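Right, one structure below, let's go through it.
Order as written gives the chain letters A, B, C, D and E; numbering starts at 1 within each chain.
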Amino acid sequence: ERYVMITHTQGTDPFWPVVEKGGRDAAEDIGVEFEYNFAPSGDMSDMARLIESAAATQPDGLIVSLPDADALGGAIRAAAESGIPVITINSGLESSKSVGALMHIGQPEKLAGFAAGERAMAEGGTKALCLNQEAYNTALVDRCQGYFDATGQELNMIDVSNDVSQIKTRTAAALQADPEIDSLLAVGPHVCEAAAAAVKEVGAQIHLACFDMTPGVINLIKDGDVAYTIDQQQYLQGYMPVAVLHLYNTNAGMMPGSNIPSGPGFVDASNAAAVEVQAGVTR
Amino acid sequence: MSDTTKNSAERKEADRLQSGGLLSVLKRRPEAGSFLVMLVAVIVISFASNGNAFNPLGLKNNFTVISQFGIIATGACLLMIAGDFDLSIGSMIGFAGMSMAMMLKWGLPFGLGAATPFTAFLLTLVMTLAIGWLIGTIVVRSKLSSFIVSLAFLFFLRGVTEVSFRLINQSTQISGLQDFKETSWFAAMFGGQALGWFYDTWFALGGNINRAGNQWVTGFDARFLWWVGLSLVAYIVLSRTQAGNWIFATGDNSESARANGVPVDKVRISLFMFTAFCATLFAACQVFDTNTADAAKGNLKELEAIAIAVVGGTLMTGGFGSVIGIVFGAITFGLVANAVFFIPSIDGSYYRVFVGVVLLTAVFLNESVRKRITGGL
Amino acid sequence: MSDTTKNSAERKEADRLQSGGLLSVLKRRPEAGSFLVMLVAVIVISFASNGNAFNPLGLKNNFTVISQFGIIATGACLLMIAGDFDLSIGSMIGFAGMSMAMMLKWGLPFGLGAATPFTAFLLTLVMTLAIGWLIGTIVVRSKLSSFIVSLAFLFFLRGVTEVSFRLINQSTQISGLQDFKETSWFAAMFGGQALGWFYDTWFALGGNINRAGNQWVTGFDARFLWWVGLSLVAYIVLSRTQAGNWIFATGDNSESARANGVPVDKVRISLFMFTAFCATLFAACQVFDTNTADAAKGNLKELEAIAIAVVGGTLMTGGFGSVIGIVFGAITFGLVANAVFFIPSIDGSYYRVFVGVVLLTAVFLNESVRKRITGGL
Amino acid sequence: MAEPLIRTQGLTKKFGPFTALNGIDLEVYKGEVLALLGDNGAGKSTLIKILSGVHQPTAGKIFVEGAEMKFASPRDASNAGIGTVYQDLAINPLMSVTRNFFMGRELYRGVAPFGLLDMTKMDEIAHAEMVKIGIDVSDPRQAVGTMSGGQRQTLAIARAIYFGAKVLILDEPTSALGQKQQMGVLKTMMRVRARGDIAIIFITHNEIHSQLVADRYTFLALGEVIGGGAKADLEHDEIRRLMAGGSDIGDLAKELQDIQAE
Amino acid sequence: MAEPLIRTQGLTKKFGPFTALNGIDLEVYKGEVLALLGDNGAGKSTLIKILSGVHQPTAGKIFVEGAEMKFASPRDASNAGIGTVYQDLAINPLMSVTRNFFMGRELYRGVAPFGLLDMTKMDEIAHAEMVKIGIDVSDPRQAVGTMSGGQRQTLAIARAIYFGAKVLILDEPTSALGQKQQMGVLKTMMRVRARGDIAIIFITHNEIHSQLVADRYTFLALGEVIGGGAKADLEHDEIRRLMAGGSDIGDLAKELQDIQAE
């Protein structure tokens, strides 16, 4: 048995190696072959081509993240129609069925952003700003959008770049430009770390929520600088589909009765210490 | 004392030149280097993928990727032969994709009503050609290096694309468009399939069967045909027409070309428009295939286009290159981009490593070929 | 019939040249164009940000970004004056950052034990200089265009960085390292603060107070000092030393320079090593400041570095440029990249639009200045 | 004398603050060789670049056979019958002999500019024309860059002669040539002159060459015409004085001898 | 005769399959002007590029004052006392006159290559040396690109003379120059020759010039030495024949006359 996983990343996002590890661990536990891949340009059409080439190698199952159902749908549908079982992961819950996938494991970005926003409002936030390191990355924009949907405000997002120094200086600049901002969402862990430094510099009282985890982010949560980070428990997004596909292929089409929501989970002061060792590895 | 003076009347200029055999003639084709690199890529990938890379779907898929590379590299190549660069190709792809998808979703600008695939494409093409014209005109008039002018447009066009997405569309991605290629022959021309007979025949001969027992692949992507057509036209224009001679002349020594009556400025501006056309074609094939566009589309494609042109034997400084070389270069690059798939032990992060290695190798080979042809210029 | 022959003995060569006043002398400094653009940027941003862009923190932060740009643009500028390009700067930054952070986390290679900031920096510098040497040597030996050789390294180094992160580190990011700048003076030299007296004085004079009523900012980022130092050294070397004359000579006409005894190859290779040094310095300042590194670090910085060099008045084709111009260019770019965020009504997606516009404007101005100086070459 | 083939009136050219030409009046007649002489930087190349449409004059007029003309591009000048061999921008080194020869004036079948080239015929002509002026290129498809400096100059001359209609302008055509080729060029110039319908403007720093072929002289210095006249009316020493921009030049051989003797 | 200053033995240079030089033996003596003559493409420039360290020979040896030398770079040749003015690679147009003049041999205080330049002194010297050979540049800091072709050549010559130690090589130094400057160069050559300790290798296609200054001749054709000898021993016609690569050349003036008469 051979399973192929393809996800959307330019290869630099620390989120995905955890998913990949989930898949690899599952494959090893079960005793099957596993391959992971991504289109380094980040362009959805390139990813569609990649899905097609994966289908051409005739694997026993495909695991695909689905940030853009229109762009990827054709390739996935064709694979499914040619008899390859497909499971979608991460984003794309809404379209999973329509592209011909068996099921979806993950968490829609908007929903995760929404959860983060709801809690921020509950914890006293009034005016928010979203820090996005790749303003053209739709998955990341969705998080910001979800967050603002929950707060009932117009989307207010800035492109902080991927340069850690500029993330900090741009965040500080934006906070000074509008002193009423009291809550921030950082949609990536390196953005989270730099934003925390910026908040300190400006000397403001700011509710900072983040996405994903690194040891640095955990430390910030423990120190009280970051309120919480959204944990999609993406290890599940890698592990589960391999297990499910294996059972599907070897047990006469055995399938769970519904999609598996892997998150959103919150990591905050209450559980930070517990997940610390796993941050960036299996969480 | 006068030295003895040898009589040299019998010696001829030709005596100074060693001549070689057939192999050395072949080695002197400008495409020799890129052909060799391609050969290695094809052989390695055939073996490493157990032939999967060339099974029905693999073949189709490889040619889709190759065609995309080929389309933009052809534009980059002709422009480079004329001595210019266009770093805005990638951003132009993003801009064109955004423009078409946005019109299809929100209607034509200036209240011109709903868009059809045809009007969306046409209006977009008018805009991109105008931008190409603008870039070319700035380069020609200002005498600034095209590298820097098009670098400004790399930033500018990507920025405009992002801003438009966010202001007009409120999202960096457009989705939920109908599948135009089902209803419009024009959309199908770009986003549909072509050469179905090839796969039908393959099926009839007993191959091309999927796991469900049906015909697996039904045709190549339409962009394959566009690429073949574009390459053919570019080949003829470049090597057999007056325009082709002007392109070479402009890139080799534009002052001399101008002084001899070649309309150097027009040639250069036209070629900037041609790369804009190639970028638009690229975007149209993707938009009408997937019915989406996003702000990242085409990211960094300009560097790949230039890399392929160079792998294909185009000289960075202009005046030398061949469309056949670009075909080989696109095949090599397409295979390498997909190789990560057909070779299980590597993943996408190796792509850039390979690209670097292929680029350097090809360029070395090409250089030695070129020296042989041009006498070391 | 013989025409009357005027006596021209009184006319002099100098009579053919109109002379101008002081303003025309100032307008003939190579930095005139970049100075003007900077002036406009500073004024516009001061007003639009209500002065916030230059409050204590704004000043510090702007200079952090400016310094970063300045450091790599200085490298790019000197290299460009010598007629070469380095497209691998960004990937080199990523590679250097990865290397330092990885050593700090996992220890030195070859079982050399744990790394200190000093050993991690040193070993990394040895590697990056070696790569710079390799790029330079390939360029010089092969006579290939440096654009294409360094493009290959852009891909290759980024690929190697990613692959290393994924293979060794199992993640594309390193974070949660201890804060070395607290314990190591060496780390503090790059990641710490400098010129504290400036802010202390400001505080003593009654300014620089934060929301809680205490002293707000305590110093500039250390990289500000590095940038100032680097610019100073580069300025002296370029305009006042023999090495500087060699750099100009190499870029202007390398054949002639070589024939006159300028060690052209050594000059070029040294400058590739210098850009590698600048990239490493850039990475060290970031790594020791934030104690993190990721695979995307430095992405596309090469294009920004080249853009700044050009905005600063460096000629794309070599032989002409000035370090003072680079200082102005870095300030302009730094402000556009950072200070626009002080303007509430503008969001970050406009950044690239601005970059494109600034680039084009500056380049036009510079060109007219240069023509005046060099008589239209 | 009849209507001049080319006449300029008050031609002035400024490069920014620098006055390269200052009110040049020039006349060239059918069938004659006009030597345009002057010191380095006198403005000779600038003048002929204006006549060839490469530069546009700052002021002044050009008349071809009495009719005023404006040359916006080299093409315009070429169409008006002015064929030029440039001192410094003659050749495209990476292109073949044939492609260089026909550059900008290719033979093609079909619609310009996408007409198909008639390479066979162009190869034949290029080869034949090169032979005529003394160079036998073995392969007209070889890159011009593989030829020596003199061979390149020869190609440019052959081309200009082949396409050169009413006026042929040669800017230092012999300066880089070997003896044999220098003579070839001078002979060709005389052959063209013998046809009687073509005017030749010949720029050179070689006094001997100018005396061998010129019918009339015009001398430039510091951007202005400082003299001129028919060959018969000018003394040898006067020519040398004017070529040098008006300064007196003694007996060179003697001066050189003196240096040796010192 | 004494030990030659420079002697080459069997120098051969191949560019890929092409043999540019084939076994050149050459001798140059102190205080003499050796004219190196030959048709276009004969290999003259290639030969002097080898002597100047720009090219490395495929085979053969170079002796300077009897000692065998290998020149890995122009610097080596320069250090061995060979100063060269190149036909085609003389000048850096964007740099100032002074910086061009001292390029590669700057005056500086401190440690090479980071020593501080002594610009004032360099400006003075450059200006003075240019005046010596007949050009008065108003501002030695102006870019060389603003000067005319001839002025540039003059700069290169002044520079070579100023730094030129034992052997001065001039590759067609007069071909682009006006009369006045041509003479200036010839005079300067004679002045250098008069010192008695310097040898000059002079390449030209101008027969008159070669006769005015040369003591001895060496003729190249198709990459080989086809003849040579002292000025006294060579007939005028023989020189012209050999310059043209060995083909006979008739009376040019007469031939030209004939064309006219036809």
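Simple rule for what comes next: contacts are C-beta pairs under 8 Å (C-beta built on N, C-alpha and C of every residue); 3 or more make two chains touch, one makes a residue touch a chain.
Not measured: the values here are computed from a predicted model.
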Moving only between chains that touch, what is the shortest number of steps from chain A to chain C? 1
A correct list of chains touching both chain A and chain B reads C
If you average the CA coordinates per chain, which chain's centre is most distant from that of chain B? E
Where centres are the averaged C-alpha coordinates, which chain has the largest centre distance to chain C? D
How many angstrom lie between the centres of chain A and chain D, each centre taken as the mean Cα position? 72
In whole angstrom, the CA-centroid distance of chain B from chain D equals 43
Rounded to the nearest Å, the gap separating the Cα centres of chain C and chain D is 48
Got the chain A residues that touch at least 2 other chains? 11, 135, 159
What positions in chain E touch 2 or more of the other chains? 18, 41, 146, 245, 247
Where chain B touches two or more other chains at once, the residues are 13, 162, 166, 347, 349, 351-352, 375
Using the touch definition up top, name the residues of chain C that touch chain E in the complex. 13-14, 236-237, 240-246, 248-249, 252-253, 255-263, 315, 319-320, 373-375, 377
Where on chain E is chain C touching in the complex? 52, 54, 73-75, 78, 84, 86, 89-95, 99, 102-106, 108, 110, 112-117, 138, 143, 145-146, 159
Would you mind writing out the residues of chain B in touch with chain A in their complex? 49, 52-53, 55-58, 60-62, 64-65, 162, 165-166, 170-173, 175-177, 210-212, 216, 286, 289-292, 294-301, 338, 340-342, 344, 347-349, 351-352
Taking the complex as given, what residues does chain A use to touch chain C? 10-14, 16-18, 21, 132, 135, 156-166, 168-170, 172-174, 176-178, 189-190, 193-194, 197, 201-204, 214-219, 279-281
Touching residues on chain D, where the partner in the complex is chain E: 18, 38-42, 87-88, 146-151, 172, 175-183, 186-187, 190-191, 193-194, 205-208, 212-213, 240, 243-245, 247, 249, 252-253, 255-256, 259-260, 262
